[in-house]
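There are two complexes below, and they share chain A, which is joined by chain B in the first and by chain C in the second.
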Partner chain A sequence: MISYISRRFGLALLSILGASIVAFIVFRVAPGDPARQALGPFASDEQLAQFRADNLLDQSLPAQYWAFIRNFFTGDWGYSYGSGAKVTTLFGDTLAPTIELAVVTFIVTVALATWLALVSTYRPRRWLDRLINALAYVGLGAPAFWVGLVLVLVFSQWLPVLPGAEGQLDFTYSVPTVTGFMLVDTLLAGDLPAFGNAITHLILPVATLGLAVFAYLVRILRASLLAVGDQQFVLAAEAKGVSRWTAFRRHALHNALLPMLTASGIVLGQLLAGTVLVETVFNWPGVGNLLTRSIGLKDYSVVDVFVMLSATAYVLVNFIVDVVQLRVDPRILQEEQK
Partner chain B sequence: MIDVEAIHGTPALRLQDVSIGYSHFADAVSSISFTLERGRRVGIIGESGCGKSTLGLAIMGLLPWNGEVRAGNILIDGADMVTMRERERRRLRGNRVGLIYQDASSSLDPLKRVGTQIAEAITAHAPKTKQINDRVAHALDDVGLAAANAQNYPHELSGGMRQRVAIAIALVNDPVLVIADEPTTALDVTTQAHVLDLLEARVTERDAALLLITHDLGVVADRCELTGVMYRGRLVEWGDTSRVLTDPEHPYTRALVECSHAVIDSDADRLPTMTSWDHDEEGGDDAL
Partner chain C sequence: MTETERIVAVRGSGQARKAGWFRRLSGSARVSVIAIVVIAVAAATAKLWWPESSDQTNAAAALMTPSLSHPMGTDGLGRDVFARVLEGAGISLAAGLIIAVAAVAVGGALAIIAGLRPGAIDLVIMRITDSLLAFPALILAIAVAAGLGSGFFSACVAIVVSTFPLVTRVVRSDVLRIRGGGHIQAARALGVTPSRIVWRHVLPHVSSALLVQFALVVAFGIIALAGLGFIGLGIQLPTPELGAMILDGAAPLIGGAWWISIFPGLMLLAIVASVNVIADSLRVILDQPDELTGAEL
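Our next item is the complex of A and B:
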């Protein structure tokens, strides 16, 4: 058990390192001069050379990478080339809104997908099958930013029931920032109307981000449940006298959970790593906006850190999934020991 | 007229003209009737697809969604499974009637501990049972397993042990009727004999009725006092096992018995086969 987990952890660390190396090289090989981008067209050659020397850009790639890794782990993330702001501050302000959006989307879609997959498979229901299939096609086919625009148009413009591209909270509310997570901060401030307002601001972005995720998860879980539901142990559970629903929930769902878990891990990783376009549509103060700006400016200091952070989030989530799978399926350990 | 029920009590199982079918197809089981008293053992034999497993599922009220009992009554301990509500059926399942289904390696949930799966059968009918662990330990002991086996997952047990667990689950609420559908096909011959001995002993102990569904004539000959033979959805033979084996009425039974003799004698070059026999010759059947 311990050896299994430590092996997985080692693999996780290696993948983070690999991802950061690849991103580091690719971003530097791509054309464009960060010094010129930062200092503008009228900067002199001396100024450019000085900028490169200050930011170690005149050194070899391995030396630059080594310096980056050392600084990353010591917490010295440097300054943005473009704005001159501390990178730690930039991420400190923008990470929380992104994580909040990603995690709320994740919880809502996983719960909804699980419930719908169960309801639509434990007994054959053709109309529900068709509805879910239709929703899944739309979800997988339509680009998220377009879905976002349509939702804003319908629910914020035509029927003005929900806030559209207005960020996390109406300007009329003012809540002190403690954690950066708006739902948590409003509750900490004891301001229930603001909490409600924060929720209404989450609805459309969550629906936009969640549609594709929901479509993906519900299809995986449904396929898995349909396969498991025919197995004898579900029938055997019914033969004990429990209802079909209970037999399905207890036995089929548990057995269908493994592919769902893996898929959930991938999805949560993706949500954390990038909700860029959706953030733009809803004017969400997350890392998406910061990142698009920084890539345009070839702002290495910001992008490198972002790659490192998102790779860590992605790998960490999947590492957690590996550990949770051990709890779900005791046979994995036995397979490993063979 | 002699009142049979007054002498034997309510029969564990009584089928009256039961017909079962799937979707819009012809009957898979047609007008079967028989009565099984408590404490008796009947073997239902027949080839694959003759409807014997469908019959077992119908008695449990667990036909697949496209299957239905089209006519007749299935009385378990006097209560009609066909007409009662699903909620009442659930109260009988696993309680008054237990099912042991084919291969225990697939009828146990691979992700749940054995003890949990036995406990599920108890709490399904008595949710507030106290000392559930003691009951589980007792149930395991009853089938010759250790109380510690409750902590095992199915994949940690042998095939024979798994089938013992399945028997423990079927018997834990002391049912009046046990249906065993090919309970030993996945086991080797020695284990098969042990498991069947155990099943027979535990069922007899409880004065329950046993309905053993199998294609193995030898198993029925050894262990069941009654034999029913199913052929193409019909019960073509019913009676004391000794009579059915020595003096079969139906050509199919005759062929079946000859087959097993041929194996034992082994002086025949080839096994005898059914050449042709049709229900129509005895009058009336759905087109198959």
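Our next item is the complex of A and C:
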């Protein structure tokens, strides 16, 4: 088992290394002059030379690459070309809202998907199957940012019941920033109305970001439940007198959850990419919004850190998923050895 | 082709099944094929039957609600949204096809090379694909598109770079499975040239996998192109790219002019959902595993 885990970890490190080379190539070697892009068409030659020297662009490629990964892993991310702010500060300010949005979305969608998959499989219901299928095609077929706009239009413009593109909290509330997580901060401040307000601000972004993830998870879990539901131990539980619902919830579900675990790594990728597109729609003050603005300003000092951060997080989470899976289902090890 | 080789050659699934492929599709997949053909033809011939142009601005007719002469209204510059949505649909379909052809060609070729040449070549190819798969696909596409600069071509390249590794991974495992099969060893023993082995003995076996991947990449490519357009990468206004149009309509939408964003999104949804329905049906017909790579992309 140790050798399996260490081999997986080695592969994960290799992937991150490979990813850093890819990111380096994309931003340093690709056609186009980064200095010119950062400083604009009116910069003088001296300014361009100064910029290249500051950002090590005048050195050899291996030296530049070494500086790139050293700086990334030591947290020395430099300054934004656009605003001059430290890139670490920019990410520090925006990470918490994004994590809050992603975590709430993850919890809500996993819970809803599990419930709906159970309800739709323990007893065949054709209309529910069709509804889930249709929802899946909409969830995977509609761009998330457009779904967000539709929700804003319906629930914030036509039936003004929820806040639309208004960030995390109404301006009328003011809560001291402690953790950056609005739900936690409002509770720490003991301000229940603000807590409720923060929740209403989460509903539409979570629904938008969650739709595709939900569509994906429900399909996986349904397929898995249908496969497990026919097996002997579920029938045995029913034969002993528990209801079909209980047999499914207590016995089939546990065994059907394994593919969900595998899927959670992919879900993280969906959430990472989704926040980039969705946060802008809701003026959510997170990393995705920062990235979109930085792209607009051609501020690649922010973009490449974001790209490296997401690759690192993605690879590490997939590694953790592998390890947890091994813990949950030791049969994997036997298959691996075959 | 020698007689022996003819016996050894296992006919690919494609040839026997070619007849009546349309009838083999599920009912909803047939509807989807027709829908896509109709959209493609309508987009290609729009100039012949639709009087409004997609790029003629008219300040006097800005932000008009949908009506008979402008069924999808007009945008902030008075351009006809219907004409723009049609042209945008054509651009999306064309881009999706170009991207999928390139991704499947590159990904498939690398998969076959890696699968048939174990050792150093396989290792190098798989390390490269793993490095690219370390990113969520859309984020890699954003990075490459940001690095290459805006434009149709760089957007397509960016999406190809972010999709071909998955094609490679899926198809390589297929190649590895058939490599051990007797017919390839027999062909080698008979002195069949490597290129002939690839074309006659390997490709037919992976054509099903390639076809399903092709459909999935078309769907992802169209969505990704719109996503790049929405964050200001890829194709730039005034070209009516659907994602960029949705972005263009986001501010008017808050002010009540919902039609500028909503209709391009509906068009995207119609196209991508149709492609996904076809992909699902193909997967069933061709007996391909339900790996949901579409969501992985």
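Here is the rule we go by: the second predicted complex is superposed on the first by the 320 of 338 C-alpha atoms of A that agree within 3 Å, B and C clash if a C-alpha of one lies under 4 Å from a C-alpha of the other, contacts with A are read in each partner's own complex, and residues count from 1 in each chain.
Quick note on the criterion: a contact is a pair of C-beta atoms (placed from the backbone, for glycine too) under 8 Å apart; a residue touches a chain by one contact, two chains touch by 3 or more.
Note that the coordinates shown come from a computational prediction; the quantities given were computed from them, not determined experimentally.
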Discussion item. Looking at A:His254, would you say it contacts chain B, chain C, both, or neither? Reply first, second, both or neither.
Written reply: first
Practice prompt. Based on the superposed arrangement, let me know which partner A:Ser243 touches: chain B (first), chain C (second), both, or neither?
Written response: first
Item to complete: State whether A:Asp329 touches chain B only (first), chain C only (second), both chains, or neither.
Response: first
Practice prompt. Identify which of chain B and chain C touches the larger number of residues of chain A.
Written response: C
Worksheet item: Now for A:Arg123: first (chain B), second (chain C), both, or neither, which partner does it touch?
Response: first
Practice prompt. Would you check which partner chain A:Gln231 touches, where first means chain B only, second means chain C only, and both and neither mean what they say?
Written response: first
Practice prompt. Report for A:Gly92: first if it touches chain B alone, second if chain C alone, otherwise both or neither.
Written response: neither
Practice prompt. Once the structures are superposed on A, label A:Gly196 by its partner contacts, choosing first (chain B), second (chain C), both or neither.
Written response: neither
Worksheet item: Touching A:Gly10, do we find chain B (first), chain C (second), both, or neither?
Response: neither
Discussion item. For the complex, give me every residue of chain A touching chain C.
Written reply: 11, 14-19, 21-23, 26-27, 30-32, 137-138, 140-143, 145-147, 149-150, 152-153, 157, 164-165, 212, 215-216, 219-220, 223, 266, 268-270, 272-273, 276-277, 280-281, 291-292, 295-296, 300, 303-304, 306-307, 310-311, 314-315
Worksheet item: Contact residues on chain C for chain A in the complex?
Response: 127-128, 130-140, 142-144, 146-149, 219, 223, 226-227, 230-233, 243, 246-247, 249-250, 253-254, 256, 258, 261-262, 264-265, 268-269, 272-273, 276-277, 290, 292, 294-296
Fill in: chain B residues within the chain A interface of the complex
60, 62, 65, 90-95, 98-99, 101-103, 106-112, 120-121, 124-125, 153, 155, 166, 169-170
Practice prompt. Give every residue of chain A touching chain B within the complex, in rising order.
Written response: 123-124, 231-233, 235-243, 250-251, 254-255, 328-331, 334
